[in-house]
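Chain nomenclature is as follows: A, B, C, D and E, assigned in order of appearance, with residue numbering initiated at 1 for each chain independently.
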Amino acid sequence: KPETLKIGMTTFLTGPASVFGVPARDAMDIFVANLNAEGGINGVPIEVTYIDEGAGAEALTSEFRRVAQSGGAEIMLASISSGNCQTIAPLAEDLQVPNLMWDCGTQRIFEENEYDYVFRTQGNATSEMLAAVAYLLKTNPDFKTIAVVNQDYAWGRDSWDIFHTALEVMKPDVEVVGEFFPKFGSPDFSTEISRLQALRPDVILSTSWGGDLDTFVQQSFQRGLMNTSTFVLPLAESSLERLGPSLPAGHIVGARGDHYFLHPERRDDADFQSFMEQYKEATGDIPVYSVFHASQAFAAMQAAYEKAIADNGVDWPSEEQLLAAFEGLEFQGLGRPLYLREDNQGVESQLMGTSAQTGDYPFATLENIMIFDGDGLLPPIGETSIEWIKGLDASFVDTLQVETYDN
Amino acid sequence: MTSATQGTRRSGPPLLETRDLVIKFGGVTAANNVSMQIEAGRNLAIIGPNGAGKTTFLNICTGWLKPQQGKVFLEGEDITTLPPRKIVQRGVARAFQIPQLFTEHTALENLLISAAARDGMRNPLQSLHRIRQRDEMMHLLDLVNCADVADRTVVELSEGQRKLIDIAVALALKPRLLLMDEPTSGVASSQKHEVMEILVGALAEAGVTSVFVEHDMGIVARHADEVAVWNAGNVQLRGTPDEILEHPDVIRDVIGEEVA
Amino acid sequence: MLEFRNVTASIGIIEILRNLNFRVDAAETLALIGRNGAGKTTLLRTIMGFTKVSGEVLFEGKPLTPLVPAKRPGLGIGYSPEDRRLFSAFTVEENILLPADAARLGAVETQRRLDKVYDVLPELKEMADRPAGNVSGGQGKMVALARALMIGTKLVMLDEPFQGLAPALALRYADALRALRDADRSITLIITESNPALLRGFASRTLVIERGEVSDGSLSPERKQP
Amino acid sequence: MNLTIFLLALFDGISYAALVFIVALGLTLIFGVMRILNIAHGSLYAIGAYATVSLTGFFLALGFSPIFAFPLMIISAVLVGMLLGGPIEWLLLRRIYDKPEVLQLLVTFAVFMILEDAQRLVWGTQPYFQASALQALGNITLFGVTYTVYQLILLPLVAIGLLFGLRFFLRRTVIGKLILATTEDREAAQSIGIDADRVFLFTFIVGAVLAGLGGALASPTTSILPGMGADMIVLSFAVVATAGLGQIEGAAVAALLIGLGRSFAVYVWPEVAVLVPYLIMVLVLLIRPQGLFGSPVARKI
Amino acid sequence: MLDTSQRSAPKLSDKAGGLRSTRSLLTLAGVLLLAAVPLIAPSMQLLINLALAKGLAVLGVTILLRAGQVSFGHALFFGVSAYVGAFLMASMPQADLILVLIAGVAGAAISGLLVGLFVVRYRGIFFGMLNLAFSMIFWSILEKFYHITGGADGIRLARPTVLGMALERPEFEAVLFYLSLVLMVGLGWFTLRWFASPVGQIFQTIKTNETRLEYLGLSPKRVLLSGYLLSAALCGVGGSLMAMTQGVVTPEYVWWVRSAEMVFIAVLGGAGSVRGAFIGALIYEIVRVYASAFAGDIWQLLLGSFLLIIILFAPGGIMGIADSVMNRRSKSQPTNLGEDAQ
């Protein structure tokens, strides 16, 4: 039994993605402090080392390795960027250190390779996009045209691939009138907006995040584009507070999972409320989805250790015991409970809603919330997402399990 | 050294010939129907007032400037449109009015590079300082009175020293024809004659034809076989030093009354 | 007027001039001679403030050393560098006028001085509007000379001013400079020149520099009483 | 492509070009005069934007009318120039003018790195948005497409004003002449009495003010977030190189080409929009190796 | 004339000789120390391996610095070589390490030739920016054709075999480490010799006077191209090693910041110094990793300040510091010209 349980976590502390990375670290500090205050896991306190993903791939791999090997970390949480996930997953496998992919969206990881040491404690791009398609089809069944404005990098491209493929099979009559991939970090979308105003699509999809999403929505709002088209913004939960009044009512918002600071099923729970207060106190902000993802990874880790200890009746599990505990592990962070599939992929529910300016907050909140069960949103093990989606049809939406809430 | 021009006078085309060169810069005519024939084996001095077009003539002959009209021939070959390096490869070297040196290299290295460029570079990993032409180059430096600054970087040298090294660099190419633009300007008068003496001797020994622009009439009188006088873009006169330096027009326009 | 006291000047870590002690009186015309690399140019550059100096350089009794180079022309020091250093983005006349602009002389004074300069160097008048980058080597020297005369009301330093000039022209300039000096007794001239013939009967004193040291040139036979 | 679409693309291109030009202008000036490619320009741009957002937020919270955002932009830009530009030149660059240019470049790179983190320490990692200035001017509608007056009219006007202002300053005023002379030969300038140190300090501050102004003017149109400077700086570099060394008219034309190229690409061939600045640069330099307005360096021999 | 130089010249070269041997000894010690890293500090092995790979690329940039040219796009060749390796591994999973390396370097050299033919016409900022443009065009291609290139996620690069043997990660990494070390020594030595050779010296004259070069009968463009090719190939070696060490290639390899970083390291080590390229890379990577590990979100600030201090107080870079330290020690007699003349 170690004196402390050392864990390493990679997150963006610098660079544009620090809009996710820094809140996640702040949250992690709270989770760790809370657990340590209760005596840690089976009496073992936890100590986290953070690794900045913004420092570049060399620094990341060197640091990851240092923390995992000489730093004595028993378990690693990595990472946010999907490029980094691709680097880290095989490295963790070779180093034989259990690694929880806590905020890594690309569906490819487990579809293209098998891993023994790598687990994902959240859903993936497929479940996130399918939920957005399903919500759109349920709430807005009659739209005819769609345009997309995504960031020009893997996430923007992949997510549109999934969304588009799904739309083609579930609503073949929809016409894609414009596909824009402005460069990542673009400061200006005026041209795209002019073009969209001329095209007047019924629906505009953007899976952008951070400053790109903020700028796009703000500029669209200023120029009246939001009055003429319905926006589908699967990551906008993370921008709600910053967008303030610029996100008017009636647009579709997602959260990469069932993450929302007013989660209809969780908002009355004591642990949920107390965390929200702690977080608000520590940072002054409302938490965004990366905080929820951090909570899930943390919960998964805690659950795995506790399960391994209980299953084996030991003081502290060996690595094999710990790995065994991850098989089919069930855990719950700040959202609904999750579990790990056989391919180490997490099954996570997806929350979607429609923006509303109620006046309760100086920014948009959600109404007509739907929480989709994660099971139906992932391809069966062994199938790749795109192939699987190509085999679906319009009836897919009705097969999904969903709960609906007014707000 | 080179053998190509050992025989001083040969029948056949002159070593360098220009026909009706014209070049104008805006309103200034720097060359106005310049036709010159330069025979092998002689030292030709070019004199003339400032701005007469002397440097421009050298620029055209070496391909730095393209004339608006006219042609340049090197032993009968039309070289008017060739770039300088092609002309240099045919045995023409040049020293400049404003020295053109590799300022971060030492004086000796400047010469060694010149020698390497001349002979081609065979062994890519041999040190420049070890190439076999080193002694020859030290000798050349000595010739221009600069052996003592061989290991100084060019930026550290005085203007006069640079001029001398610039000449040595041109000489290191073992040219058939050497063009020098005011070789002694900036060289202290105490050294001028000494340097020119040795230089001209060496050129004669190697059979190098030389053309030099010069403002010092003492030098012209002593070292030129022939003098051409430039004026306003034209060759005004041509003749032996004695004839020319006595000519009243030349005295008026170039030499000035007192010294004469 | 100008005095060197124990001056040692270095470029980088190399000492070029050592232990110079001499003075130049007002209205003197000093010829600096010496072999190539003796340190003539460096001496002038030292007065302009472009070398590292230990010891004292006094100008009209006041130490020059604390002044940054840019402040020195304002004292009435004009300098024509050996390598011309014209501003090719400007025309010949603009080059000549720049020192006046920098000193903010005002239109009237500027014109007065320009006229004077053209009196000395009439050849420049016809090239006034040509870009300075294109003039010939000798013409460039003339422009540099003119520029120095523009600002040098007290001290004019010419580094090989006749280098590259056709002898006829050089002689005329020597005459003109002499006339200028004779007309305005407040001007002190320092000239480095390798052709002593041109300075004959012109320089009031000769200073020989050798290996960075000033030898007893001040006792030169060419010395003339002002 | 019909006429309407053509005009729409033109409008978009112009307003984008205006902003790019304003930022690139300061960089061109500094590069033209000091021969330093100031990488920290990107940070100054970002800090100009942050400062504007903070100041505007502060004064609007005090109840001032949104129109105050405009003077605050200028104040922010001047603050950036004075408080950052001045010390960078004074404390850092001045010490290494006699060193190789690449060292000067790297000093600005180091400053860039420092300022990037400094920004994050001061303003955090969350994007800011402050569009009062833009909203204050309202919208206009052309061919059924709504534009903000700010972007379509104000920015181009400011850009044109700066272009002619700076041109006049450099070509027609005495200080401008002295700056140009210093540009060409620092030592020769000193020896005719030009205080090259002051010229450089002044130039750098003006360049920094322009960077800050670019950020200030951009702030109402975009999210202010870490890393915004890095993108702008590459774009500005492309403008500077395309323009020809230190050519401000060239910078204007290059910015316009890049702006129009980008907006037409979005209409016609969106895939290449990202590449437009580089393609334009390669094409221009292929045809004119010295840049749009640069003149071939005539070496006197 | 100052005849002091003549007297001091032999002294200078004596001293240079002494310095040279001290330097060789120190270099040897450094290489041995590096060779011992896997044994004495295994946790540093990966970091140092990455630094060595980068150092080779920096060496490429260093070469151009000697000609006075700064390229802001040399990450292009780094990336080309890495992607060639990745594609090779994808199509030929049994490919050998040596094959990957050779193919990568060949790819880098060929692209160096293509880009070089175009950019050698330019100097200064134009040269730098055109290189940047080409690297960014390649970067965009990598991002755009994501079906082929994997977009921002990049491509995983399986472990190649080594002389036909399939190795586990630790052994493979040891092989890579020593291979990098050998390449550093070999290519470093080669580059030093090349710099000193007539060809290399002529290449360096691009920095000071192309007119004279032309009047020596040489084509400045061709001269620059030869060095450009060498520099691209060296970047290629670095890129291949980096790709195999990381096991993944991403468009970040080509991103302009990486090119800028290479220039930065080159100057940090001592602009134009061969040893400096590697020492610079090692120090840069170590400072960066430890700064980012222990000062989380202000590592850039620390790194920037560190570099600023080096540039301001030791503009000769780390090699400059090393030289002046050695100079001071070997300063038995004064070599100052002035003092000699007394």
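Keep this in mind: a residue touches a chain if its C-beta (ideal position, glycine included) is under 8 Å from a C-beta of that chain, and two chains touch if they have at least 3 such contacts.
Keep in mind that what you see is a predicted model, and the values were worked out from it rather than measured.
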item: Number of steps on the shortest touching-chain route linking subunit A and subunit C; value: 2
item: Farthest-lying chain, centroid of Cα atoms versus that of subunit E; value: C
item: Distance between the centres, which are taken as Cα means, of subunit E and subunit A, whole angstrom; value: 39
item: Distance from the mean Cα position of subunit D to that of subunit B, given in whole angstrom; value: 49
item: Length of the line joining the C-alpha centres of subunit A and subunit D, rounded to whole Å; value: 37
item: Interchain centroid distance [CA atoms averaged], subunit A/subunit B, Å; value: 76
item: Shared-contact residues (touching 2 or more other chains) in subunit B; value: 55, 96-98, 100, 149, 161
item: For subunit A, residues contacting two or more additional chains; value: 14, 18, 22, 152
item: Shared interface positions of subunit C, touching two or more other chains; value: 14, 35-38, 134
item: Touch list for subunit D against partner subunit A, complex; value: 4-5, 8-9, 11-13, 15-16, 19, 116-117, 120, 124-129, 131, 134-135, 139, 143-148, 151, 218, 221-228, 231-232, 262-263, 266-267, 270-271, 273-274
item: Residue ranges of subunit E in contact with subunit B within the complex; value: 1-3, 5-6, 9, 12-13, 190, 193-194, 196-202, 204-205, 207-209, 211-212, 214-219
item: Subunit D contact footprint on subunit C (complex, rising order); value: 48-50, 68-74, 79, 81, 85-90, 94, 98-99, 101-104, 133-134, 147, 151
item: Residues of subunit E that touch subunit D when the two form their complex; value: 65, 70, 72, 118, 121-122, 124-126, 128-130, 132-134, 136-137, 140, 143-144, 211, 256-257, 260, 263-264, 267-268, 271, 297-301, 303-305, 307-308, 311-312, 315
item: Complex interface listing, subunit D residues touching subunit E; value: 31, 37, 39, 92, 95-96, 99-100, 102-103, 105-107, 109-114, 116-118, 120-121, 230, 234, 237-238, 240-241, 245, 271, 274-275, 278-279, 281-282, 285-286, 289-291, 299, 301
